[in-house]
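Presented below is the structure to which this report refers.
Each chain carries a letter (A, B, C, D, E and F) given by its place in the written order, and its residues are counted from 1.
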Amino acid sequence: MPLYDLPLAQLETYLPDVPDPEGFDEFWAGTLAEARAFDLDVRLEPVDTGLTLVETYDVTFPGFGGHPVRGWLTRPAGEAGPLPAVVEYLGYGGGRGLPHERLAWAAAGYVHLLMDTRGQGSAWGTGGDTPDPVGAGPAFPGFLTRGLLDPAEHYYRRVFTDAVRAVDAVRTVAGVDPARVAVTGVSQGGGLALAVAGLVPDVAAVMADVPFLCHMRRAVELTDARPYSEVSAYLAVHRGDVEQAFRTLSYLDGVNFARRASAPALVSVALMDVTCPPSTVFAAYNHYGQPADGTDKEIVVYPFNGHEGGAAEQLGRQIRWLGARLGAVDGVGAAARLG
Amino acid sequence: MPLYDLPLAQLETYLPDVPDPEGFDEFWAGTLAEARAFDLDVRLEPVDTGLTLVETYDVTFPGFGGHPVRGWLTRPAGEAGPLPAVVEYLGYGGGRGLPHERLAWAAAGYVHLLMDTRGQGSAWGTGGDTPDPVGAGPAFPGFLTRGLLDPAEHYYRRVFTDAVRAVDAVRTVAGVDPARVAVTGVSQGGGLALAVAGLVPDVAAVMADVPFLCHMRRAVELTDARPYSEVSAYLAVHRGDVEQAFRTLSYLDGVNFARRASAPALVSVALMDVTCPPSTVFAAYNHYGQPADGTDKEIVVYPFNGHEGGAAEQLGRQIRWLGARLGAVDGVGAAARLG
Amino acid sequence: MPLYDLPLAQLETYLPDVPDPEGFDEFWAGTLAEARAFDLDVRLEPVDTGLTLVETYDVTFPGFGGHPVRGWLTRPAGEAGPLPAVVEYLGYGGGRGLPHERLAWAAAGYVHLLMDTRGQGSAWGTGGDTPDPVGAGPAFPGFLTRGLLDPAEHYYRRVFTDAVRAVDAVRTVAGVDPARVAVTGVSQGGGLALAVAGLVPDVAAVMADVPFLCHMRRAVELTDARPYSEVSAYLAVHRGDVEQAFRTLSYLDGVNFARRASAPALVSVALMDVTCPPSTVFAAYNHYGQPADGTDKEIVVYPFNGHEGGAAEQLGRQIRWLGARLGAVDGVGAAARLG
Amino acid sequence: MPLYDLPLAQLETYLPDVPDPEGFDEFWAGTLAEARAFDLDVRLEPVDTGLTLVETYDVTFPGFGGHPVRGWLTRPAGEAGPLPAVVEYLGYGGGRGLPHERLAWAAAGYVHLLMDTRGQGSAWGTGGDTPDPVGAGPAFPGFLTRGLLDPAEHYYRRVFTDAVRAVDAVRTVAGVDPARVAVTGVSQGGGLALAVAGLVPDVAAVMADVPFLCHMRRAVELTDARPYSEVSAYLAVHRGDVEQAFRTLSYLDGVNFARRASAPALVSVALMDVTCPPSTVFAAYNHYGQPADGTDKEIVVYPFNGHEGGAAEQLGRQIRWLGARLGAVDGVGAAARLG
Amino acid sequence: MPLYDLPLAQLETYLPDVPDPEGFDEFWAGTLAEARAFDLDVRLEPVDTGLTLVETYDVTFPGFGGHPVRGWLTRPAGEAGPLPAVVEYLGYGGGRGLPHERLAWAAAGYVHLLMDTRGQGSAWGTGGDTPDPVGAGPAFPGFLTRGLLDPAEHYYRRVFTDAVRAVDAVRTVAGVDPARVAVTGVSQGGGLALAVAGLVPDVAAVMADVPFLCHMRRAVELTDARPYSEVSAYLAVHRGDVEQAFRTLSYLDGVNFARRASAPALVSVALMDVTCPPSTVFAAYNHYGQPADGTDKEIVVYPFNGHEGGAAEQLGRQIRWLGARLGAVDGVGAAARLG
Amino acid sequence: MPLYDLPLAQLETYLPDVPDPEGFDEFWAGTLAEARAFDLDVRLEPVDTGLTLVETYDVTFPGFGGHPVRGWLTRPAGEAGPLPAVVEYLGYGGGRGLPHERLAWAAAGYVHLLMDTRGQGSAWGTGGDTPDPVGAGPAFPGFLTRGLLDPAEHYYRRVFTDAVRAVDAVRTVAGVDPARVAVTGVSQGGGLALAVAGLVPDVAAVMADVPFLCHMRRAVELTDARPYSEVSAYLAVHRGDVEQAFRTLSYLDGVNFARRASAPALVSVALMDVTCPPSTVFAAYNHYGQPADGTDKEIVVYPFNGHEGGAAEQLGRQIRWLGARLGAVDGVGAAARLG
């Protein structure tokens, strides 16, 4: 796909008027209060991965509705801490997979919590383990239209709440420095990271790559790629539900979380991305931290990439960017020399 | 798609050894008993459709778990009955739509109950109105892998139960002759009709067009078209769940319902159908009513069609076939003549 | 396909300068006079459909060149009339199919004449029965480029004439009120309805859904979907015929019929329709009835639909809209009650 | 497309039982007699092509029904003859194009007549100029289903007759040796060449590359590529016409012409050809000249090609093969030397 | 593909600011001097093609680095000359093929040299015979990214040099008038013709059809068709190489050659061409011969064609256009008349 | 893609007769001797990755022709060894990327050498850094047809030699136990691992996932997916080179390496893999270690996967399988406990 969205110069200042629905803050305050009413019972079962440099735990913590949410916690072996932590959220359709798959953050000295996404984890990769015990009205296959007619029923209300509780959970883990917890994710994971940035004021840093779930009406009208196209597919059948659907989505829109956020942020965007159109990412980024101009934020532009974005190159930038902000364990490996 | 499955001569005698799982009958007896423990409270709200020849009602009846299931009941205007009835089930992804869409059975003198499919109705057409209030473990987008690891949790356990209760419901409607209730459907609807044939011994007739949900393991290994491919997509991620998944599906397989059925049956199959491969349809048809050779059954073969099958041509055959078996209202229109 | 044409706000006032070729009125006056020189010998053969609420007739009437054109006439059984009538034209590639397929208008109390499209009826559905006995010069497969170099030779000259004669024919049928004849159709059928609106001043109402054959040069340059792409495919080979081809098409363009029409009109358009781009539909709609601002016209916009447009939802609107204008049989079914 | 048809070893002896319909010979004898009742009025208009080594003429001759059929006749400039001639037929959808496009046969010393295909010439290339003035019943877009229900009405009856008359015509051209007339063509052109081989016993040689129109029922059931798929598309709508359609096609099947032919033949086939499956080509080739085992025939197999087959490589083989059988002008160029 | 680039009226005056890199002239002067340091040893081996009107030679001449480059030289049989000559370059992926494939220029009285493209000739047609003995750094499959980070290493530096040496070579052939040498080509061949126009001041005429390799940055950002997409694919991996890559390409950009050229030029462009977007062709054409307004140049616009452009129709125009400028052999065939 | 190759039961005993060309052993003995004549000058530059648990080095070693080949060497930080080592080869089109991408082997206590693939590394991922300084004759875009007509010139002769030298190189690294060096790779990397298994008798273990480059003639005839289709594309142009091409490939075929190998082997195969058809993998696996029945080998079958195969699940199996055979560092992490 060639360049198809606004030119870069326009994207850099693109600040669209995205509806900020009345009661947004109350909606989320109530939602989180309800979830936090469940005891934060974080269970950690050690896992034998065959890896010697890290320790891995199978984590279960209570998310939305107190429902058990799974994850992997990986940390440098034998490091007592306190260590900074990175909570990572997954891309659409994937699950937490296997515990030897994502080792970079632990190898960089962080406690790494990878949160499973409820109901997902069967479309790619090596699987997820977290059910979503809540049913739904008629929905297009996928997750984006489950509960589309009511923000209180929408699937992502539950997932965003899980994401907040994942931060709550990691802060209770022994050896974690609760003041140094960052959130990160790619695509849907980036959308979750932005949501957490808006909902947990004291998160220490946010990294969102090619984030999904931003400026959703524009996205749905601009691209026919999945998963945004689930919404247009739904509305092509439920022809009378257009306004109600987008009202629901406004309670879940990354732009609305971004404008409430203030943590240091590193975002990335790809100009040939048809899954998460660049203007929707810039809409969130440009609103991020507004009107506080002094926000510590940065966006990395990948001009010839699609939704893969910066991939491992961006991960490398993140390791450096986050290291400069949160520090990390040192000592081990610092004086690495051969022979 | 050209011919790709077995040659017709082999299809006609194709009688594969499909697993008939231990406890199948108990599983379904228990399931139905549980559903029938809920009061059969059938609500009928008259609808103003602008149509003058028929009366239409918005129906709600309790399905699996007593959950409310919706439908449209359409009947010749002003006919007291008793009339024969046709219960129709829908294809995958569709909903009951609007009440003026499917008029042929009422125009032919039957009471017609079109059952909505829980959770579906957002992929094509004009929509569905029935939620599925039950959540699920990690599943591939769609419905076929919800609850794939346990027959008691599987989505189609609930839908098949709804389908049985739709027959129960229509039999209570004033003016319906409970001894003359037929079931019909295309694709998923045909699969449901076969399931009902196996679960409700005294249904008067069964019409199943290009039925889905038959000989599922073969289907999943033979075609990469949706929705069967949802299962292969799931198993491509959950690599260790193969045997458990197919064990679950065996409790839902049309072949197993067909071999327990005995009502007169009219089936259709299309030889270029890649959605529901012809061998999977013949597998169900050839087992139907076994070993009672005297079963009144017939299969119509469409050699150059894909999944659209016989479409309206098959509907015409059905009107004649069912008329010969169940009769229908006559009087109105019988002596129709122009001026 | 996402939104790709002009924004809705621009579409609503889009009034492009579509060529209105010299001699357009004479061309059509001559064409119709020639066709009407053939005796309007309307034959009606009763058909046994198995339906009891309606009567159906296999219709043959003389179209362009006096060639026999087929159709189905369906009416409420036993209603003497006079009844209002609806003449329906078909989408591209389809045929009249089977007489039990389209029952809504008769069920709503109208005499319904479904006109077969000459030469078509082999691409989808259950078939057509009307030959086109006229040959053509070199043409791209399909119908749009047959006779592309001369309006007198063009295929649609014949079809539009058939459509006018269908109105003439139904007005002669016993029990039809000739003052209450509406025309309707989807896609190509909508294009024909618009043409008839421009050619038969006293048609009582016009319903055109996602109409084809409007503002054709723009359409050909804007979309590569069939059937408009037949024209670009032809011109990619016959590189020197561009101006002559579009001159021919201007005699057949829905915009030119629309600006000559005045009957009450209900149009629909879908904003993600790549088969009939929304700007080409608005071009016809905005010109419709010009400059008489008082024209009774309305357009229904489906923002997330492709060429399926409003489908049965639009049909529901039409039943109400036409009922308000033409009335319909009542009595039967009006007091419909259960039990 | 990989290998998908029978293995080569089986293809080499593949001799299927293709229906040879009763009255085949009478049908064609009558058809040709009727066509030959029209005067063979061959018109040749010189054309200024800018080419100096050849002379080119715009040819018109009477084909089926006496309808004017166009072509290009190209010959070595200034050669009085008598020269051997090659009549070439075109692939599906193409037209005779422009007179400087196909120069090899004239450059090799032959009189070259390129026959336009009636009604075609708008799908690729630079166009055709020959109308088909005969209409048709309902047909799928394209040419293969025009008149599908009656061999007397079928489109290819007319085209095959044109092809025979092209041979008749070239034999009357001054400077042509009527005993040395070969026919050639690719795909549809190869099918026509085979038909002429069966209908004109004294044609001097036949060259058919990846020929279309052979063993058509197998082709339609084996491939979904166009144009064979036009037949399956038609039969998917006209579900009851299967046997009648294939009966018609049997009068036009290359296998039936091949078994009546005896001229020296050079055929080519490509094993990855999904447009004209290799087994259908071998079916014609293996029947060619049967049971006369002494027939001078050869087939060239291209194992890794699709429908492009041998292309210019096969043309090179043909120049040598035909030169060895028909000789060609020599003298000009024979002693070619540089400087 | 419909119209997707700038409107024609804008294209006609489109004169973008394409970077003209410092040292461009020195780069090419040095490159050519280095190549011309190798002896121009042109070898001509006569080939027996079976064609009698022309003589054909298998040519080898030294290109970039003195590497042997192959070609076919075809000329009117027995014509001593001096004759004008046409040097033709090939489209991307093709090779010189077989010597009987391209006969029009020789048939029009020219000496025709068809240059093989080093390393190519395996993607379509009948093959190439010229290796490229130079390796490359990591590159995307294809040729456009070989040596992308340094103009001195780029593949097209070698090919353009070969193209210049082909002109040098044909001028040494006996019977060729060195003052009347034209260059021509389609797509990549057109790009090469433009490059030669800029590098060989005294070439007599230039014909470039739908030329590739012009205004490359815009092309890469505007289309995702191959081969331009090789560059975006490369940059999607080598994310940091964007500026260096386009700097390299600026040394090879047809716009920069065009603005240095002055020979009479005939260009063609297709408005629906997604392989070589029309704006990139106009960018080169509008710069061609600047600021000398008196340049003899013409562009032919094909409004409904894709990358096939004018094809044989454009060839016909070229024969007339070049004939008017370079004359050609006459005498043979000039007075061509039949019998 | 559904199951399309042989049934599993047949695959398990599939032992086809793959040509074992004369001189195979001499060819490779000579090739390796020539490469080993270059000094094994292994350069290791420490890299600052920001990771603290591992040390990473940018490696350069001399491959085929002494050409510099790049890689990343990653090892547990501060572990003196001797450690076992894993040499990993990459999939087609990828490069070594960035040093923080593949951490599992080092995290499991091995020295990990990831070898870049010469000329590749621009199709996916984050890039490669190793040029292939050798040119080629005409080739289809990609790597499989470079030098297709001569095993001495073929691209993979160079790459396989690089792969052998990578093993030679890692054995010289301080802290590596040369007796415990395993090779591994996915797809092309699996093909390379098998080649090394056949060429380096004392490699300690081999892991090959969905290996490419096995039983290549069957692969080319069975699938049209890239990269095998590069060969069919080439042969579709170079129609006369079929036998010579496959003779070349037989010197590079994984089956021929497998039958010469004896190291313990863990192979994986996916039954819906159209890139590397399962029968071609089984052909190599079933020949592996023949006729020594006692070979320590195992194949893991993924029945519903395509070319992604077992992915991280297989990696987990490999960590366990290799750990059981080569041991690994322990001590660090072994007593991992939380808090």
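To be clear about the criterion, a residue touches a chain if its C-beta (ideal position, glycine included) is under 8 Å from a C-beta of that chain, and two chains touch if they have at least 3 such contacts.
Since this is a predicted model, take the numbers as computed values, not measurements.
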Legend entry - Path length in the contact graph (chain A to chain E, fewest steps): 1
Inset, instruction - Using the contact definition stated above, find the chains touching both chain B and chain E. - result: A, C, D, F
Inset, instruction - Looking only at C-beta pairs in contact, point me to the busier pair out of A-B and B-C. - result: B-C
Inset, instruction - Averaging only over C-alpha atoms, locate the centres of chain C and chain E and give their separation in whole Å. - result: 51
Inset, instruction - Could you put a whole-Å number on the gap between the CA centroids of chain A and chain F? - result: 36
Inset, instruction - Going through chain D residue by residue, note those that touch at least 2 other chains and give them in order. - result: 125-126, 239, 313
Legend entry - Pairwise chain contacts under the document criterion: A-B, A-C, A-E, A-F, B-C, B-D, B-F, C-D, C-E, D-E, D-F, E-F
Legend entry - In the complex, chain D residues that touch chain E: 44, 46, 49-55, 57, 75-78, 80, 97-98, 100-101, 103-104, 106-109, 125-126, 173-175, 311-313, 315-316, 319-320, 323, 328-339
Legend entry - Touching residues on chain E, where the partner in the complex is chain C: 1-3, 272, 302-306, 308, 310, 313
Legend entry - chain A-facing residues of chain B, complex: 93, 95, 119-143, 145, 233-234, 237-239
Inset, instruction - Flag every residue of chain E that touches chain A in the complex, lowest number first. - result: 220-224, 232, 235-236, 239, 242
